[in-house]
Amino acid sequence: MATNFPLNRKLRMALVGGGQGAFIGRVHATAAVLDNRAALVAGCLSSDAARAKASAPDYDIPENRAYTSITELVQKEKALPADQRVDFVSVATPNHTHFEIAKTAAEAGLNVICDKPMTFDLKQAEELAEVVSKSGVVFAVSHNYTGYPMVRQVREMILAGELGEINAIRSNYIQGWLRTRLESSDQKQAAWRTDPKKSGAAGCFGDIATHAYNLGRYMTGLLPSEISCHLKTFEQGRALDDYGTALIKFENGAFGCVTASQISHGRENDLFIEIDGTKGAIQWRQEDPNTLVFRQNGQPHKLYTRNGGPYIGSLSAASCRLPSGHPEAFFEAFANVYRSAYDNMILRAEGKPFEKVDTIYPNVNDGVEGMYFIQQAVESSKQGGTWLPLKHPLARR
Amino acid sequence: MATNFPLNRKLRMALVGGGQGAFIGRVHATAAVLDNRAALVAGCLSSDAARAKASAPDYDIPENRAYTSITELVQKEKALPADQRVDFVSVATPNHTHFEIAKTAAEAGLNVICDKPMTFDLKQAEELAEVVSKSGVVFAVSHNYTGYPMVRQVREMILAGELGEINAIRSNYIQGWLRTRLESSDQKQAAWRTDPKKSGAAGCFGDIATHAYNLGRYMTGLLPSEISCHLKTFEQGRALDDYGTALIKFENGAFGCVTASQISHGRENDLFIEIDGTKGAIQWRQEDPNTLVFRQNGQPHKLYTRNGGPYIGSLSAASCRLPSGHPEAFFEAFANVYRSAYDNMILRAEGKPFEKVDTIYPNVNDGVEGMYFIQQAVESSKQGGTWLPLKHPLARR
Amino acid sequence: MATNFPLNRKLRMALVGGGQGAFIGRVHATAAVLDNRAALVAGCLSSDAARAKASAPDYDIPENRAYTSITELVQKEKALPADQRVDFVSVATPNHTHFEIAKTAAEAGLNVICDKPMTFDLKQAEELAEVVSKSGVVFAVSHNYTGYPMVRQVREMILAGELGEINAIRSNYIQGWLRTRLESSDQKQAAWRTDPKKSGAAGCFGDIATHAYNLGRYMTGLLPSEISCHLKTFEQGRALDDYGTALIKFENGAFGCVTASQISHGRENDLFIEIDGTKGAIQWRQEDPNTLVFRQNGQPHKLYTRNGGPYIGSLSAASCRLPSGHPEAFFEAFANVYRSAYDNMILRAEGKPFEKVDTIYPNVNDGVEGMYFIQQAVESSKQGGTWLPLKHPLARR
Amino acid sequence: MATNFPLNRKLRMALVGGGQGAFIGRVHATAAVLDNRAALVAGCLSSDAARAKASAPDYDIPENRAYTSITELVQKEKALPADQRVDFVSVATPNHTHFEIAKTAAEAGLNVICDKPMTFDLKQAEELAEVVSKSGVVFAVSHNYTGYPMVRQVREMILAGELGEINAIRSNYIQGWLRTRLESSDQKQAAWRTDPKKSGAAGCFGDIATHAYNLGRYMTGLLPSEISCHLKTFEQGRALDDYGTALIKFENGAFGCVTASQISHGRENDLFIEIDGTKGAIQWRQEDPNTLVFRQNGQPHKLYTRNGGPYIGSLSAASCRLPSGHPEAFFEAFANVYRSAYDNMILRAEGKPFEKVDTIYPNVNDGVEGMYFIQQAVESSKQGGTWLPLKHPLARR
């Protein structure tokens, strides 16, 4: 890798996934370039070769860089001169395909931004972590909610001790879109997300409880010790869970509760978290992401607003593009994850050292931890709620 | 009992508890007479004789009816002519004294309105239920939140099938006032509520989780089957729990989660419930009691307001005193529990039959169920979260 | 009047108005006794003699004190011994009858709590103020919103300078119930409120804009100088205004805007106020009365809650009956106006001096000011919005 | 212009303004390319030549297309082959420079996206409208709030008659950032916005009241007839207004009120609107842009959410990029204005006819109307609130 990386050089991106009917591929493509720090120049947009080619113009990807497999992508990109070759690959495909794609890219020395859950199962995740470790690439997992400025604000406050010792974390992710068996109609999203061969061991819990769990981990840095979980399938005939609650014990004695639902009428993407510490407590909701409630006994409830003033931490403030009162939202949060990863990609390109574990963005270790969470949740549920270990050796902090 | 009870005759009330430093006694006294259907004429305001006498003028209780024990109260009241004698006794004392007072009153044929938790332990509760059953008195337990018009609205909607089959109940009661060891200062409320000799087997769970659990039961009518619970004491040196989460399985397959906290900074009386059914979902919060959110996929979220229009059910509408937009609150809800009990007291006085199990107000059976909930929650927690039975033979429905 | 008034003596109340179909009479009767400091012992419940008698039992008023005219009431009550005679009269009748009733009572030395608008026109109001001044009675006007603890909190903050110099007041009172010509159906409330012979010169503006204007005056103490107003009648055939906006100049240079509507679909009693000062700004809404937003540049938005902690002022705290988080509402605010007037009634009964102008409760001067506001608003509107004087010589402060 | 414009051809953009210290230039650059339908290829980023050059790399503008004046830009771009030349110019400079830039671009046949207020005064605006009309270019004014999906939803609902006849519009835009004389410190934004030589005849009213007024016009399509306005300057020494209220009469008899403030402590960008119709009423707030309240008497309040279901209109739905519950915000709304203008730019490039007056995006006529609003507001205020005409011959509809 060249060490004289120009400061303003745009990173070159390849998108895997994102063909017609996809949702998250377009989000990746939009978020990645929001700050004009990257350009989408190559892709492998569908596992179907014809569709891969046909979708390329939607993203301005030239025909000769519209690949039909990750192998082809890696091979042909590596054959390009270093100053044309893609810098990173974004993986936005169904869960069961992440591993092969991410591994191939990482082994080829390409940085990776991978959708979550990171892999199909824990074994793959651990193997991938090893590949990443060996290859030295930058690897981010799209727990995109960690990109919200007010989420980062909470993290800053907690790590700075403003909430004191953390006692309790309650986080829910409540949706309603799978209230009926949408998968038996022609809905592509519903189809693969409820199919154990594509989605993995968990449905609702893999798709969204992982976000709710990750959010608490990211905000607090608390290390978990054990999990007890109960998964439910309320829609008859569905192969995976569509509801569940997990209890979590943390090493410091804190107690957590994570509930996820995809069968709650009218609920959209209601990711909600409350954290209680000995000195203060916070509350944040994804559907209203620009505000944060901070409470302390005997004082007025305080509403922090994004970029709202000197009370906002430096990381949080640096994660904003607009003045307070002009709302930022999902795309900008997603872009913040990218932006944080870019900083490290540039350090890597310049041959400089960069943080690999306690990164601002969720990394491969967080991805492993997410897979471990899913595995233990499913296993605990099978055993009727038995407490199982939850601390993975790779867990950050 | 006289059968020719005049329609507008005011019921005569005796208050037990409510002396200086008490909170809930004054609430009972205020709520009981809000609709001018009762008058407070006698009392036993403190277990301390001098204070009992001294407090009487605060309530306009004449000296000769300011008793110093429930035994004296019953004896002297029974000696009065029927048209002067009290009709009911309100019990607003610390938990460990409820049983003796309520039993004595019921055995004397006096109707009872009793604070919750109803007794010190389950055994007392079951015995009390038997006494009540034998005596035929009207017996209400002050799960006062059931008196909110929008809570009754939910109950009407669910019993009428508007939410379909119920799948999930999530209810939290979050407070912060015991974040520090208030009990070691001179705070009377904190002192007895955290003292196992006065409060019973549970602290936070007996005091407020019971409300959160009862609310779901009252709204849905679902019968529970099992409970798994984890209680925590975060304030060092405290004798009882100040935080906990219980998971509940219901007979129809529904899944519940109840969390209660008294250590969440800045939180006041945040009783919050969400219920998911196959046809719709609701959300209600005690601190904003005049509204209710009803959601159905594909439709706008609907905000129901108290007394807001023809979409409001008849019981809910009859529980209002003011037009919509003029908020009603805690006192009025409390008074609604009283008012519903009065209807039965009058039927009883007139010698007419009245509903004893599926009452609008929480009754002695609900009180038993509450004590069973506490007992099984504490026991499950001791066993590390073992699933224990939760359906009590006396549970309503 | 006896000067040795016992501290705990209950005040005796007579209610004028409040017969069947009435709304506000019951509110007065309930609020007046909420704190057990008064008892309703006499009444003149309807201008229809038969209905006056028939309604008496609803309020426990004995037949011999159920009068059929204010003249009879005054005459017969004055004939009673001082320790039985009523202490005050509450006037809850349609606007056009207030004057005669209030004047008769005041001239007889009875204290008065009078509904707003205080009289039919300004002339009556000024005459009444003179009568009150001469008689020395306690006279309160039921601008009941001033009784909300958070309204009083704002008043305390502003008078203490916490908001700095006040620049702007924006207050709206938005309703929807007169969106159709309800008055042409049998609706008693709608009928008299839209009838110029009973309601006075203004409809919506007399009924609710007066509250919105009074609220700003009460909170800030700013003296008005001029008003410019535009009234509209959107429902064809209606005799009085059902919508309007008034601009107000205050003596200190502040600018105000009051909008009232009775034709806004779905709106209930949305009285809303924002006040901007050089040091801070507040926001309060009647439909959510237990919270108050206080803002200062560069700081988190602060949500004050009723009785929420040491940041609450002493008057506000003393206006609460329940701990924070247990909502209080309309009845309790109404009762606070009564309670404040009672304090003065007792001082008067004891022959002690009491504040007559800058009272906690809205008094006869505020009533005059309200009538002046209506008169000048209507006149300005007739003249196409001409600026007219608004400062009445009797205006408080 | 070529008529065989390829469907997916990216439009080429030049940015004028946007150098260091600028806010809105970056917003334009980001929004313009959000959907990958345009590329920023040229610019004139500052009136200072050195800064113009220095800022170019921030936007990836090649040095040879980093111009130092609009004249140079037009001249050199026109010299380029048609398939390289810019398609449109975005004007993001202080108000007093808009006219010259926009006129020069339009006369050269380049489409224009211009910040608001569109020009320095009305005369310029009218002249510009004529230039645009003659040149046939697409001309959009960045009343960006019209791009919010829920704003477009309201427009669709009202134009379809769902609210019935419109009676009242209340819109406020409340900020606090100019509470102190920020302009006397080194704040670039504050400096030009409060300078009559750069900002125009109005300060707060030109900057933000225009948005509040435009929003009502866009949503309802109602034509105004007259305006009465009062402007205030609360910060001593400030040259322009920092607060004001305008009353507006509409041709159909509706009544409007627009208040704008820049001196309200802690307020950010609180643009808020309520509209009352004979069949329904709506409420929307920019700081919470993904929801909309729709109310009808007798029915539950309805909360519409962005992209929330079949109740959402086609234009509103087409203005969304994400599923409901994943919030979209300011950038996306801004991008929607661009996107709507692009549709017309493509039609123009293809030689096809396109709508010029009743466009989805705010156009040059709206710009003229905005300037007329400012002129008449300022003039009315000078005359003490005299009613002045407000309907401009070019007003749309």
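Note that the chains are named A, B, C and D in the order they appear, and that numbering of residues resets to 1 at the start of each chain.
Following the convention adopted for this analysis, a contact is a pair of C-beta atoms (placed from the backbone, for glycine too) under 8 Å apart; a residue touches a chain by one contact, two chains touch by 3 or more.
Everything numeric in this text was worked out from a predicted model, so none of it was measured.
Colleague: Expressed in steps between touching chains, what is the minimal separation of chain B and chain D?
Modeller: 1
Colleague: Which chain maximises the distance between its CA centroid and that of chain D?
Modeller: Centre of mass proxy via C-alpha means gives B as farthest from chain D.
Colleague: Just how far, in Å, is the C-alpha centre of chain C from the one of chain A?
Modeller: 56
Colleague: Starting from the mean Cα coordinates of chain A and chain D, work out the distance between those two points in Å.
Modeller: 35
Colleague: Rounded to the nearest whole Å, what is the centre-to-centre distance of chain A and chain B, using the mean of the C-alpha atoms as each centre?
Modeller: 44
Colleague: Which positions in chain C touch two or more other chains at once?
Modeller: Each of 267, 297, 299, 301, 305, 308 in chain C touches at least two other chains.
Colleague: For the complex, give me every residue of chain D touching chain A.
Modeller: Chain D residues touching chain A: 8, 10, 23, 26-27, 29-30, 33-36, 57-60, 175, 267-270, 286-290, 305, 308, 321-332.
Colleague: In their complex, what parts of chain A are in touch with chain C?
Modeller: Against chain C, the touching part of chain A is residues 294, 297-305, 308-311.
Colleague: Once bound in the complex, which stretches of chain B touch chain A?
Modeller: 167-168, 170, 172, 174, 176-177, 179-180, 228, 230, 232, 234, 243, 245, 247, 253, 255, 257, 259, 261, 263-267, 274, 276-281, 295-297, 299, 301, 384-385, 387
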